[in-house]
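By letter and in written order, the chains are A, B, C and D; residue numbering begins at 1 in each of them.
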Amino acid sequence: MHMSELSFAYYPGCSGLGTSKEYERSTRAVCKALFVKLVDVPDWSCCGSTPAHTVDHVLSAALSARNLAKVEAMSHETVLTPCPSCLTNLRTANHRMEKPEFRERANKLLDAPFKGAVEAKSILQALREDVGLKMIAASTIKPLKGLKVAPYYGCIMNRPPELMKFDDSENPMAMDDILTAMGAEVVPFPLKTECCGGSFGVARRDVVAELSGRLLSVAKRAGAEAMVTACPLCQMNLDLRQGQAASAKQETFDFPVFYFTQLMGLALGVSEAELGFDKLCVSPGRVLDAIAAAGRVAERESTPGSQA
Amino acid sequence: MPVLAGKELRIVGFLCNWCSYGGADTAGVGRFTQPTDLRIVRVPCSGRIDPLFIVKTLLGGADGVLVSGCHPRDCHYASGNFYARRRLEVLKGMLPIMGIDPGRFEYTWVSASEGQRWQHVVTTFTEQIHALGASPVKAVLGAYPGAAPSKGGDSAAA
Amino acid sequence: MDVVNMNASYDADFVAKVQEESEQNLSLCYQCGNCTAGCPLNFVYDIPVSQIMRLAQAGQKEKILRSHSMWLCATCESCTTRCPNDIDVARVMDVLRHMARREGYVSEKAVKTFWDSFLDSVRKHGRVFEMGLVVNYVLKTGRVWTDMDLAPKLMPKGKLSLTPHPIKGTEEMEKIFKRFEEQGGCI
Amino acid sequence: MKIGVFVCHCGSNIEGTVDTAAVARTAMDFPSVAYAEDVMYSCSEPGQDSIINAVREKGLDGVVVASCTPRMHEPTFRRAVERAGLNRYMLEMANIREHVSWIGKDREANTNKAADLVRIAVEKLRRNRPLTPKSFDITRRVMVIGGGVAGIQAALDCADGGIEVVLVEKTSSIGGKMSKLDKTFPTVDCSSCILGPKMVDVVQHPKITLYAYAEVEEISGYVGNFDVKIRKKASYVDWSKCTGCGLCLEKCPSKKSMDYFNEGLGTAPAINIPFPQAIPKKAVIDAGFCRQFIKGKCGVCAKVCPSGAIDYSQQDEIVEEKIGAVVAATGYDLFDISKYGEYGGGRYPDVITSLQYERLLSASGPTGGHIKRPSDGKEPKTVVFVQCVGSRDKSVDRPYCSGFCCMYTAKQAILTKDHIPDSQSYVFYMDIRAPGKLYDEFTRRAMEEYGARYVRGRVAMIYPKGDKWVVRGADTLMGTQMEVEADLVVLAAGAEAAVGSPQLAEKLRISYDKYGYFMESHPKLRPVETNTAGVYLAGCAQGPKDIPQSVGQGSAAAAKVLGLFSKEKLESDPQISQVNLTRCVGCGKCEITCPFGAIHMIDFRGQPKAEVIETVCQGCGICTVTCPQGAVQLEHFTDNQILAEVEALCQF
């Protein structure tokens, strides 16, 4: 069931080189396994993230447009990125630069101007819509049996809907659908799009502790054993800062926080090493063992003669 | 009075009484400001508009003609605007043959409740005509010699 | 509380500027409070976002630019997404931040410093060098103990590289920022 | 011909941006104009008198009034010229208010444009000729569409006025939304106790023919003489035999049918009578759930029915009725709350609509009048009401206020306390809209006597927490966020035009606004009339209304119908087509294109000729354009008149 290969320009985003190495790796592994070709944007630079748009919208657009222009030069219409923050900036720049007057101002800051004909899409959207659930389910080798997860989309993967044009802005389902298709049990998580505190971790850890803490305790109450994210910043806040959140909430969590691509990779039979589970701060060991155990049971039942 | 030199161009509108004329009224009641070029001729139904009226108006030296009726299926006379649409489509195709820029004629549908839409229609059409500039017809023919009855008499009962 | 004299304190230029830069019509706001209701950051705001909108309508520049709220807005887009009048509230908050910077109001120094350090890093290397960013931030703020508790968690994971990965077009990046400043942009 | 021109100031409405005196001066130069003046208020008594005097003194034989839209005052000024002794059709109007003074501030351009409009009016008038209307007979029967409280009122008032009424109701029982309500504000009257008797009056009234479970298929004709086709939908029960005993409901093995009357709370048997007081009390089979139709075998109802009324082979039936007027009272439908994803409507079982809550409060409802929440049947102690769900919200294209939600929410808060004394209600509101006799007092009572806690602010999100529902809103007066952990959340869903309204409007040839509400002919002065003669409006079909307003409009529409039918005969508008027999070649094209069948072919000295049936012709003029010979001309809109207007504009 080999489908014609999809090919996209690919914009990894800065955190992929550091704090979200495992997201970066697992993304590439999953795309490879699903025959999605990722062509890196040559000499890509930072989109400016939150700090840029808090300073000025033209500067912010220019920082993103430098990369969009490179995508144009690659003659690709669509660029994929795993990071919602990069995605928002790329899409916003693209959208605002549809206005000639604004485009001119932004291009003034650039060596190579951006003409404005590139669509930025999240890896999640590409997997959900371009690859599709059928293909994903069919390619699942090790179903994620015995895994109860709370998918958390973060605040800007789908919002504002007019700009992001993907999934339901109040109750997104893309990750739910993918993980379910791969055999995981998804618990209904009501705060799918609530903010985790974003980039305030360093300057105002109290903000992140409170907000991420709330997400973790609600996910826990919902009966999940782990959270699944699609955002480097969310993952870092929920995983690396889980201790800070715990003390803020006076709760204990010990709650693994995966990137959805890591779990997909697992189901697709990619080696755990390639998926960088060792990079997670809260050890996923217990959860991974549970999946493996459930898998063995399933196998035994399916092998003939073992019924006796 | 003569068209205000430089300021205005001569734009004639044929509007059906029940929808578009009412829509223009609604725009007025809502004080939706519009360009002053347009002069509205009121007819009972867009189905009453003979393509010949439009041709004569344009050959008479008007710079633009705007026709507006009820939305399809919403005609006060059930099917008048369907006849209108058919006739006006044909006309649009024939204007170039007569050497008239088809951009000088548009037809649209505006209901009695759509004051804002009417404002938009008038504004954009007026801009469109100003973009095309004054009609060359006048220069060529001079002002239209006068509309001899195309057919029929003043009163049929004659 | 003192009387707000509208004749004296309504700053028309400010209102006009906010509307122009945000491309939003402030008078669309009818104060339903939906933005405040859904704002996750409200608990650290000194003025709730719906009141920021009200103050903006009322041209109360001083009060707004002195507030902490817009510095603590995470641009999570709840307000923009749920506004019954389709106002891009998050964008208004962004624009207010821009103004505060330009006019030298900084109610949340640490936040600003972090963002500045971030952009410094981008300017220098083309991509964010996380380690350098934090160090830079610590030096500027003197907050030596920032996230020290995290270091032991992070280090062994080999996530934080100790050297930047500069891009080829670094001088191109520098130019972007230079041109921005030359056009009167302030960072 | 001597024409008089009267240019109206309309106070400052026109004079403010048009130099009316200058327009009058200019008009003096127009052909045939013998007199021109500007008038302060031409529609006022002195204004009309000055026109009448001028006609008499100056011996005018035609009048042009330059003022507001003819759609407003043409009848007024026609009466005026008639009083002056002229034929009422020797009048033309120039619309220099709606089309000039109100849409531009440039006084020079406006004055110039106004003069132009007067010029074309003069040119048209010069080619007018006196016309006399013909009179024709009326069918003194009215069709009321919609059996809600507005339609019921209109039907009863007409019938009591001695007119035959045909009442068409889409569902299997009349009563409409009101029959689903438990109590009504501000009196807390029992809804079905005050509506029930009226419903009974309807079936018992000798002059009312009720078609329930039926819809208007097609309507043709014109004021005084409409022909309608009504589709009686197949109920698979012979209503002439059905006694409404309800045995079939008990015995029906398939109980999974959608319970529309209870707003989808619980299910109904596949053969059902919506509610005990239903009028008519007849059973209907829901073929989508009936085993006989799905599996092809069952027949339980047929076996148990004592009167042998079940008829699985029944088909839709078309009945034809002749009527002279129509009252459209098709009501409203509820906004779909699932459009608010952040409220989880449709996803969260205990987040329900206000109308569903009415059914929970009602003794005839699915819970027998005990408030039980859908998820676990527990009695809620904390109930949160959220107002303006689908009202005053541009983002869901519902910018208008639904008008009655503030009031019914206050009522529901009061009733909640009555049902569950140890309960606490919260109401999230933006503004309280309570204009009406004893209305504001009522909302105050909800707070002051019943302790409902009102919170001024919208709700941003609702999410589950254990078996509670966290409602996160704002209190804009305190300037804080506000969270309430609720057992049950009631969304005050706004009103929408009833499904299918635009399609019906098109059948009736009346206008509707962008939301599907029917357009009245004047927002202030003709609220229950439409621009189509003989078609009237009542109730929410025209826009959201509460019960007293709907009843008032029902009566108002009835008064209009009675007024129309009080005339011996109706006068037809003489602005109709005329055939010039010498030009007509009898090709018959006009006969084919006429939408009203107002043209038929006759034999004239052995030759076929077209003839217009004067009382049937509606004056659209389609035939005039169709005729290849120019033999058919529409009076007062002849080719020459229109071309004269064009020429008047082009010569400059």
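Simple rule for what comes next: a contact is a pair of C-beta atoms (placed from the backbone, for glycine too) under 8 Å apart; a residue touches a chain by one contact, two chains touch by 3 or more.
Note that the structure is a prediction, hence the values are computed from the model and not measured.
> Write out the two chains that share the greatest number of C-beta pairs in contact.
B-D
> So how far apart, in whole Å, are subunit A and subunit D when each is placed at the average of its C-alpha atoms?
Each chain reduced to its C-alpha mean, subunit A and subunit D end up 51 Å apart.
> Report the inter-centroid distance (CA atoms only) between subunit A and subunit C in whole Å.
24
> Which whole number of Å gives the spacing of the CA centres of subunit A and subunit B?
That pair's centroid distance is 56 Å.
> Identify all positions of subunit D at which a residue touches two or more other chains, and write them in rising order.
Where subunit D meets two or more other chains at a single residue, that happens at 342, 461.
> Hey, what residues on subunit B touch two or more of the other chains?
None at all.
> In subunit A, what residues contact two or more other chains?
169-170
> Quick one: which chain pairs are touching?
The complete list of chain pairs in contact reads A-C, A-D, B-D, C-D.
> Mind listing the subunit D positions that touch subunit B in their complex?
Residues in contact with subunit B: 26, 69-72, 95, 97-100, 102-106, 108-110, 112-113, 115-117, 120, 127, 129, 505-506, 509, 511-514, 519, 531-532, 575, 577-580, 583, 593, 595-596, 618-622, 624-627, 629-635, 637-647, 649-652.
> In their shared complex, at which residues does subunit D touch subunit A?
Of all residues in subunit D, those touching subunit A are 340-342, 344, 347, 461, 463-466.
> Along subunit A, where are the residues that touch subunit D in the complex?
Spelled out, the residues of subunit A in touch with subunit D are 168-171, 188, 190-191, 218, 221.
> Across the complex, what residues on subunit B touch subunit D?
1-4, 7-8, 10, 12, 17-19, 21-22, 24-25, 27-29, 31-36, 39-45, 47-50, 53, 56-57, 60-62, 70, 73-80, 83, 87, 111-114, 119, 143-144, 146-147, 149-158
> Give every residue of subunit A touching subunit C within the complex, in rising order.
Those in contact with subunit C are residues 14-15, 17-19, 21, 43-46, 48-59, 62-63, 66, 108-111, 155-156, 159-161, 169-170, 193-195, 197-207, 210-211, 240-241, 243-244, 278-279, 281.
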